[in-house]
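Multiple structures are listed underneath, in structure tokens.
Below are two complexes that have subunit A in common, paired first with subunit B and then with subunit C.
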Partner chain A sequence: MSRFFFQLTVLSRFEIADSIRSRRAAAVFALYLAAALLGINAFATALQRLELQLAELLQTGPLQPGALADSLWKSARFRQMIVALVGDRQTALSLLEIPPIALLYGFLAFFYTPFFALLSSTPRVSTEVYSGSCRFLLFRTSRSAWILSKFIGQSALVFLALALSAAAAWTLARFRLAGMNPTSAAWGIALMTGKAWLFSLPFVALGLAISQWVRSPNTAQAAGFLAWIGSGALAWFAKRYAGEGPRIAWEAVALAVPQGFQLDLWRMELAPFLHAAFWLTVLSSAYLAAGYARFARSDL
Partner chain B sequence: MKSALVFDQVTKSYGSRRALDSLSFAIPAGSLCGLIGSNGAGKTTALSLAAGLLSPDHGQLDVLENGPFDPDRHAGKVSLLPQDSQLPPEATVWELLRLYALLQNVPQHKVDATVRHAIQTVHLDDRLHSPIRTLSHGMRRRVMIAQAFLGNPTLVLLDEPLNGLDPREAASTRELFASWKGRATLVISSHVLSELERLCDFLVIIENGRTLHQGPLSDWLGRGALLLYALDGTPFDLESLQSEAPDIAMTLSADRRLLKCRYNATRLDAAALNRLILQRLLQAGVGIHAVQPGDTLESSYLAAVPSNTPNPVSS
Partner chain C sequence: MNRGWVWIPLVFLAGLILGALHPRAELRQTRNELETRKKAEQTPPTQVERLDRLLQLLPMDPPRADSRSQRLPASPASDTASADPESPPALSPTNTDASSAENLTPEERRAQFEARLKQAAEAWRLRAEIARNTFAAQTGLNATELAAFDAAIQTMNSRLETLFSDLANRLRQGETMTPETGLAVLHDASGILLDAYQELDESLPPTWRTDAGPTFDIVQQVDPDVLNPLVEVRDALAVRPSETGMPTPPRRGPIRRLFMPPPPSNP
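Right, the complex of A and B next:
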């Protein structure tokens, strides 16, 4: 067992280093950065325009950029309005506990992280099987340790990319929205980064599962894209059609896709977070195991 | 005698194509074994099976007398130089060999020294920190050779190891292989039969996924039982010569340039045979360019394997 963990550590370190060295990692980092920066910049621009119009309308002096959103968030009337709009008091109040800039960052991160996680993880196994580079390793280590190291490495890569994009988003927001409370924004963005990373784990596992089934890296990448679309569609159908009688099957579908637990991650209480964390871990393990069931017996 | 690698009735198919068809052989521990056969005969499949990269459909494998290959059970004892495989392009030579050494059970405090020695052996000291993608094909091949000898493997499987090496590196690599004789069992699959003839002491010939021959190389070549005379083509009376030595099977090539004398080594030695044959040939005015004990691997292989051998086997 100690040999297994030693090999897992050595392989994971190499996987992280190899991922970071590759041009693919540079592309993934750039995508994360671009998505976060463009989103935050667009939000800041829209907010500033709104604040400018409001200042003109009220004939007050210019508002400090970002101050409006912060004030709105604290306003009792606005909170009541959001509760009414969301329809679920607990979720709405949870959302209002998150600073607006962090909320926006979280929304963006939850949207693009699954896609980028699949994009970076789907070719990781198939590329090495295709090129034969895994043949230099798999007589030295077990296939299970190798696959697990890929999961650890890719998860770490997603975390690094998310952390980088979070830091960039906060810096940009600090620059563009002077009225924003920097401490609460930093805390909110860090919290959302952690949750988005947790949300990304089953997608990394799904990408690696596809990569273990499909030998061609390009086909694996295409299958990863379809999996992203497909899981999103399934979650949408599950939410829309779940109900009494035979429609209860849709609830099972919601359990099989990570998006089924996304709402829990938005909540600020511990219980829904733990519920989501548990099921996302189960899903990650199930996806990885499904891929490994084939890879363990496949010819290399 | 202990066996390093045993195949017992091993069958392996890829879809409907049968790559190995009840393949059986046993390679003695400590030998330098040449694995030869036509393209598609099943050599690469056999080596991949031995290293656990493929699973057999039927039959038994025994690696180092410890059952079929298992990365935990055979940890650090087996190494492989696979054919047609690429190294990870972005890692440097140093990083890659360190990784392989750690996984090959080299103690952590010896890893750096082991890797440094391996890199020196393949003369890549100046490319230590170069990414693999910046190396030429031959240099990458040398890194692959270096990784196969990290640590203390007792079974080294080498698939076409000299492909892509320049003559100087090929000679140096041959020396490396020879230096491992007795320390480990080396199984070398190659089409360069002259290389194998110089290096190996054991031979396995695979054709159509089956074993055509296995045994000591000297037996296959007839060393100790065959003398070859390279002649200048001058005509002489072969029947008369044959009548003087009826126990010796003589064959003369059509152009009279090669005389093969197969003899019973228990009754006659090479010196006695030479005395008779050389004397008679010289008396007949035949010019003698060379005398060679035993056949060449290439000519004996070509004589044994029909050129129209169908490949591969289909079920």
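Right, the complex of A and C next:
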């Protein structure tokens, strides 16, 4: 067993180092950075325009950038609006505990991380199987250790990319929105980064599962894109149609896709967070196992 | 390495999903019910609900005709009456009655309602008789004064009956039951009750209020039959097409059953 863990550590380190050496990591980092920076910048621009208009309307002096969002966040009417918009009172009130800039970063991260995670992980196994290079490596290690190391390496890569984009988003927000409370925003963004990373784990596992089933890297990537759309659609259908009788099947669907636990992750209480974290871990293991069930028997 | 372990996460996930299905379905159902109730609270009341509210607001116990009245929160007056050992048996059906009433034909339901109404009216008459005798004993009124008391009470009841009959006729002719209508009826009804007090002041000795004691309430002398026209017209309002605007259930089929939007749960 200790040999297995030793191999796992070495292979995971190699997976990260290989990503950096091949500039694949640079591409992934650039994608995350661009998405976060463009989103935050657009928000800051829109907010500043709104503040200018508001200052004219109220005939006050120019507002400090970001002050409007903070005031709005504390307004009772705005809080009622958010509760009505989210639909779930508990989740809405949890969201309002987070600074607006961190919340925006969270929304962005929860949107693009699954897509980028699938995009980067789907070709990871199929490329090496397709080229035959995996055979040299699999002489010296087991297939399970190799697949698990791919998962750990890809997850670490997603975490690094998210951390980098979070730091960049905070720096940009600090620069553009002087009225923002930097400490609470930093904490909020860090919290959202952790949650988005947890949310990305099943998608990394799903991408690797697809990669184990499909030999062609291009087909695997296309299948990954379809899986991203498909899981989102299934989660929507499950939320819309779950009910009594035969429609209870949609409850099972909601539990089998990561998006079914997104609302729990947004909550600030520990219990729903732990519930979501547990389910996302189980889903990641199940997706990986589903892929490995085929890969373990395939002729390389 | 044994490859059987691969199935462990999948079986574990399947077990978790199966285990979570029932609690999640119940939670969803409860949430849906809560949402439906919230929406029902926000929607403007129907004519029947307005009439029910009026019946509850009136300072007297209305005989209740069907299970819908039972679902509405009971008015303080009704609570007091039901707690009173002298109060008549409630006309509102019990839960068992409500479920069995669904199996009855309209004619049977009507007959059942009329029987209950008669039973309640009898009980109320008995209660009014006891209250009148107690009042006579406490105040020591002579025969002339007692006749004046009876006349004032009879006038009050006939005025109330006229008031409610007029309203019932107007509703039958298509007038809408608006909040203003309800207020006007309440205003007139309370005016009639106050007039009865004044008539008693004029015809009885000045000490009658003190002699009767603080528990004397003119409402106890109201004949429940005066509310019959309103209770009858309530049934007519309930079956108007605009009041029964329930969505048509969609055609069923295996795919439709799976994708059919959740049905509105009954509050």
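Convention: the second predicted complex is superposed on the first by the 297 of 300 C-alpha atoms of A that agree within 3 Å, B and C clash if a C-alpha of one lies under 4 Å from a C-alpha of the other, contacts with A are read in each partner's own complex, and residues count from 1 in each chain.
Keep in mind that, in the parts below, a residue touches a chain if its C-beta (ideal position, glycine included) is under 8 Å from a C-beta of that chain, and two chains touch if they have at least 3 such contacts.
Model, not experiment: these values are computed from the prediction.
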Subunit B versus subunit C as contact partner of A:Ser142, first or second or both or neither: both
Which of subunit B and subunit C A:Pro246 touches, first, second, both or neither: second
Which superposed partner A:Ser285 touches (first subunit B, second subunit C, both, neither): second
Contacts of A:Leu255 with subunit B and subunit C, given as first, second, both or neither: second
Which of subunit B and subunit C A:Ser131 touches, first, second, both or neither: first
Which of subunit B and subunit C A:Gln7 touches, first, second, both or neither: first
Of subunit B and subunit C, the chain that contacts the larger number of subunit A residues: C
Touching partner for A:Ala293 - first (subunit B), second (subunit C), both, neither: second
Overlapping contact positions on subunit A, where the subunit C interface meets the subunit B interface: 142, 297
Complex contacts: residues of subunit C adjacent to subunit A: 1, 3, 6-10, 12-13, 16-18, 20-21, 24-25, 28-29, 254, 257-263
Touch list for subunit B against partner subunit A, complex: 14, 48, 51-55, 69, 71-72, 75-76, 78-80, 82, 84-88, 90-91, 95, 99-100, 102-104, 131, 144, 147
Residue numbers on subunit A that touch subunit B, as the complex places them: 3, 7, 10-11, 14, 17-18, 21-22, 128, 131-133, 135-142, 297, 299-300
Of all residues in subunit A, those that touch subunit C in their complex: 142, 144, 237, 240-252, 254-256, 279, 282-283, 285-286, 288-290, 292-293, 296-297
